[in-house]
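Below: a set of structures, written as structure tokens.
Across the two complexes that follow, subunit A remains constant while its partner is subunit B and subsequently subunit C.
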Partner chain A sequence: MAESQTNIQQDSTVDNLIKDLFRTVRLNKGFNIWMGFLSVSLVICLYAYYIQLRDGLGVAGIRDYVSWGIYISNFVFFVATSLVGMLVSGVVGLSGQKWVTPLTRIAEIIAVAFAAVAGLVIVSDMGRPERLVNVFIHGRVQSPILWDVTVVTTYFLISLLLLYITLIPDLAYGKDHLEGRPKLLQKLYDILSLGWKGRKAEVKILKKSTIVMLILIIPVALSIHTVTSWLFAVTLRPGWDSSIFGPYFVSGAFVSGLSCLVIAMYFFRKNYKLEDYITDFHFDKVAKLLVLVSLVYLYFNLNEFLVPGYKMKKFDAVHLRELLAGEHALLFWSVQGLGLIIPIILLLIKPFRKPLPMLIIGIFVLAGSWLKRYIIVVPVQEHPFLPIQHEPSNFMVYSPTLIEILISIAPIIMVLMIISVLAKLFPIIPVWETVVHKGLIKDETEIENNNHI
Partner chain B sequence: MEDESKNPKPKSRREFVKNIGLIGLGGIALGSSLYAAKHFEEKKRGQNVKLLTADGKLVEVDLLDVKQLDVDRLTNNQERGRKGIPGKSWVMVVDLSKCRNARKCIDACQSAHHLRPEQYHINTLQMKDTDRTPAYHMPKPCQHCDNPPCVSVCPVDATFKRSDGPVLIDNERCIGCRFCIAACPYSARSFNWFEPKDAEKDKDLVYDVELNVPQKKGTITKCCFSADRLRINQLPYCVSACPNGVYYFGDENEDAITNGTTKETVRLSKLLSDNGAYQLMEELGTKPRVFYLPPKNRLFPFSDNTENEKKS
Partner chain C sequence: MQLNRILIASITLLIISTSSLFSQTTSVPSEAKNKTAPFLFTPETIKTGEQIFNANCKSCHGDPGKANYAKLNPIPKDPASPEYQKNSDGEMFYILSNGRGLMPNFVNTLNEAQRWQVISYIRSFNKSYKQPPIKSTGEVVKTETAKMILAFDKSEKKVFATITDSVAGLRKPLPDITIKLFVKRTFGSLLVAEASTGKEGIAYFNTPADIPGDSLGFLSLIAKTQGNSKELISTLNEKLGVVTKPKNLLDQRAWWNVNKMAPVWLIISYLFGVVGIGITVVYILLQLRKIKKINDSAT
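And now, the complex of A and B:
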């Protein structure tokens, strides 16, 4: 650090800034109550899972025809939302947009949490979870499930590494700014910081590895959601048998990821009093980005529904009628309207790009994103090629059971727990990067780096 | 994996891995006797135990041999089940003009495979192709596709295509992801959502891939083309049970096919071409092994006789 500092004046500004950003690393009563609440809820949900393990997957509403229900919708939603890490840090960050710095860690934490839990969501949908090892023993490469397992794991690891690497300088700062915090936490910072001193060579390595991670994360993130879309697109079913499912899912993922980011931004800003760092300007920028990705998503929606709707082929027609004018019409149009079209229109108007209206819009978009996954997964299966006959009525239509809903809430609780813990243990705004970007430390590697790229 | 500790003899890793599917079987069925076997291993032989074999015979086995024997039985069954009967290529022909929805095929099938009433390996569907053509009943088993989408998507090779035609399922390996259900365009697969109907009764049976009995909670069950019957040169359960002569079954290579009711054997190629046979949604590229003869010249009116249906 000493090498980078030029004078005492700057030193104290830097010090204040660091102190300010480390304010949030503190266990308080509110946090304990919140975690207690989450833990109790999680235990209830896990009990529901125990019942499923004991009695069989049939405790959920899924049956032979609609055999993928809200577990799978949930899985798709989790994979989708985790893409925000790649979008914010990778795409926006790499393109040299400095404004995004205070948001990168939030996005990466969201990515890590959702990617980590996505795997568990899929396990909850397995009839024999104890045979998971079979996937490794008898795995067959032609099954998209194998591809999915591989890329989701890779994405999780890269996201985790990215989060960690960018955290190293902050951990080193933490050693001097954690007075009064638990000894264990100080020790953790000490170990994880790997003896970072902020020397020129170290900064260089850090920057290089960050860039490598950011470049790597883009194709991996694209593939996790593309492959997830292929779980559906490789089947012959009308409604899933689509060649644009890859980009359709990826663009949808950006929408759900960004809406999740908006909600997290609002929450952290308010609760951690970060108004100086996450400003209206940031909300405005993210809003514009959200409009952009939503428009792309809308475009894919148009292709996905209008083109088959124009032709109305025999089996497509049955499915589309149910969706656009039949049993699922209300859900379909609410999701498209309240979760996509109206948000786009509102976000084009400046006053709606302020934090509070954006929080509300974000919640609508996120809820819409979840329900959209349901619309993609469930209705298709209610209309297979051949009629469903001689079956009990609960085989004909799908409705999730209470146990199933509880089991689906469990991963959401886990995500909240992971995000809450990470955001408590570590500064939620990247400290070192903020210092560098504010020009408080001279970045001696800048010139060399530019020469490199 | 807990069962490893009950294993009397140490095994090679590969063998152990192969036998992972045995969990529960050895454990539940013979747990206590195995435990005893472990204890008495160093002591004398000659302690016998009575066992019921898969085909229902009561036999007496030395206690020390019990586990070893069963491991082999299961592995044997699993290995044999994956090998087709050499030189055979099984096909089925369903004559729609004869089906009166007696549903005897379904009864025979469900009792052979120990299924619940709502679990169908074969089902009869009321079909109506166009507004102007009359309705008819269509028995629908698994089509035993030669290009089976269900097999392509299975992550663990639990469902597989055999050289003699049938697409089978190894429920000792299936992880219950139900990707195959999503992929099958003929809705031919069923799942054990709960403990199977005969779980209690079947707990001592060694699993037979060709019959898919005992059924297992959390795994797929599907039509096996009665691979166990084909093994002993018999017609499938459904085929023999039909009172109306709807089914023909035979070997494509011999170009001979036998009617399950009349036991009359005819030329397959002639039967197909004389009657304008077709396959179900062959435009999907699945290459089914089941052929349908159109519902023409029916000598009885269509009746919605769902009373034949078992009430569940």
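And now, the complex of A and C:
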């Protein structure tokens, strides 16, 4: 084994760095407790889902008026948050921002986890999940639902592939740095690394493939959230009938995705002792990026509410009054204030761009993002165009049941599990890229590439 | 300057002459002229008539007796004026129902009773007016044995209905019965003509020539006798309508249609997206295989 890696030039600093980054790849007690806790919670939530399967959707709070409740809000939130992979690796990475390297894998893992579970979240809103296949058998190409199924699946696969490609060189490093880890893991590394040696030809192929994937992921990610917004926007309902829903959702997705990244950055840095790699500098940069996307989102919010609010068309008015000054006003203004406006202001002040303040701000923004999806999905349905007759009075207002809440928590647990496992199986900071970026090994393709461009 | 004035004057003259030409051409058919109100004019009918007049007519005709009508061409006339009052009740009713020149018709705004009520109000400004005796507009079919047959007269090119009653084994014509002719539509029926039977018990209908028929031009006609104790109904299918090829919305490619009938551009875009992504992914996988091959051959 020892002979097989002679091609990789290594001096002791490189070796130390790799060792340092592989430190986190191990199963320890803390991890087992954490996963045990998640598993038990998941089992409880799955029991709630079992009840729903057995007794039907009636166990949830959704009724004739509000038929899309927190399940669909959850779905939109999941799709939204998964966009962070495209933002960090695709947009920021492709634009040549080298500082983002240590954060790309975290972002990609978040993307994979959220995209993988988003599909399951939709299933939780189905009374007869075994009929899901009908979407594929009888789906109409005209239906945004078919487009959504298509793009969400595609995005998941592409994100997974991207995560894998960028992992290949690291997997090769694993051969020498996984002593004492389970044999199965070492075998897995061996197979997945494709026998990577870091030869010039390989690096060239890898770089090209990565760039192709990063370019591909941008339109696909844009379309997953645009299409998700169209699920609403192609209807005539006041509050959904909007032509800016696509960019409104996408900009909102960047906000929720970045806030999720901030939280993940904080925990990995703290728990994995990665202070040398994820520094205050990185928090500062991400904070500024978060301010940028939040401002864009705020701008779309302004358009989305001010323009119809100025006109107050008959049916819009009913909805807007409820939102801005009525039943949902407290929620609406808290979300806009605590989840968007105040974070923007705070993040403009330097001391708040430090890790701990940013964690707190990130939690507020993320919670705000979830509740914002609730605001988009639920209140609209309380004012149907056609009156529904002879309904019990509790049909008119929606409040989620305990079972419904547990079922909605399940996907969040699954996401945490996927992120935790992936972050344990593989180095959370891209090792090879870090080594290259630090100039510790020469990148022979670089000179050629520069000539090409 | 001079030229301009002449021009304007002649144009004005032209407009006046053509528009007054219009009003002269609209004459009231004689049977409509003799039509009478179905009820006696009373202070009550005059009162409701006043309200209807104020709401619908005053804007043009002004207050009766004050000659403050709108300055239209031809003038709407003061309802109290002798020229206006010289119209018979039937003529007024006809003008109200059909409109005249700039005056709109009121068939859809006022029902028959309301139209007669306005007339009763207008008549209240005429001291010398005496309401003509009420003519029964149609006999009522009283017997159970009466029959109506709707048919098409090929030589006259007209639809006609015959109403007869059987008296002592013989069929005897029933005169003076008003019949309404309808065309069946998808929802409800459309009234297209009205006529009364003559001495022979026959009523001819003037049906409009521009009613859309089915794909062969057939119309489904229904004749009904009016206001009677026993309603007589007769139907007829005749090629009297305009040939209409029904447009089935599901025959075209559209958003709302089935999958097979999706818009072509949409199918292409969707496939383009899916296949494009698929090819890219396959390309990437091939690249990965290349990496593996390089290393396999090296060992």
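The rule is short, and it goes like this: the second predicted complex is superposed on the first by the 436 of 453 C-alpha atoms of A that agree within 3 Å, B and C clash if a C-alpha of one lies under 4 Å from a C-alpha of the other, contacts with A are read in each partner's own complex, and residues count from 1 in each chain.
Throughout what follows, contacts are C-beta pairs under 8 Å (C-beta built on N, C-alpha and C of every residue); 3 or more make two chains touch, one makes a residue touch a chain.
Note that the structure is predicted; figures quoted are calculated from it, not measured.
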{"item": "First, second, both or neither for A:Arg321, with subunit B first and subunit C second", "value": "neither"}
{"item": "Partner chain(s) touched by A:Ile158 [first = subunit B, second = subunit C, both, neither]", "value": "second"}
{"item": "First, second, both or neither for A:Arg140, with subunit B first and subunit C second", "value": "both"}
{"item": "Partner chain(s) touched by A:Val212 [first = subunit B, second = subunit C, both, neither]", "value": "second"}
{"item": "Touching partner for A:Phe385 - first (subunit B), second (subunit C), both, neither", "value": "first"}
{"item": "Residue contacts with subunit A in the superposition, subunit B compared against subunit C", "value": "B"}
{"item": "Contacts of A:Lys270 with subunit B and subunit C, given as first, second, both or neither", "value": "neither"}
{"item": "Subunit B versus subunit C as contact partner of A:Arg199, first or second or both or neither", "value": "second"}
{"item": "Common ground on subunit A, meaning residues reached by subunit C in one complex and by subunit B in the other", "value": "138-140, 142"}
{"item": "Subunit A - residues contacting subunit C, complex", "value": "4, 138-142, 147, 150, 154, 157-158, 161, 165, 168, 194-197, 199, 201-202, 205-206, 208-209, 212-213, 216, 220, 223"}
{"item": "Complex interface listing, subunit C residues touching subunit A", "value": "255-259, 262-263, 266-267, 270, 273-274, 277, 280-281, 283-284, 287-288, 290-292, 294-296, 298-299"}
{"item": "Touch list for subunit B against partner subunit A, complex", "value": "17, 20, 23, 118-120, 123-127, 140, 149, 152-158, 173-179, 181-183, 185-187, 189-195, 216-219, 281, 284, 286, 306, 309, 312"}
{"item": "Partner subunit B, residues of subunit A touching it in the complex", "value": "55-58, 62-65, 67-68, 125-135, 137-140, 142-146, 231-232, 234-237, 240, 381, 384-392, 395"}
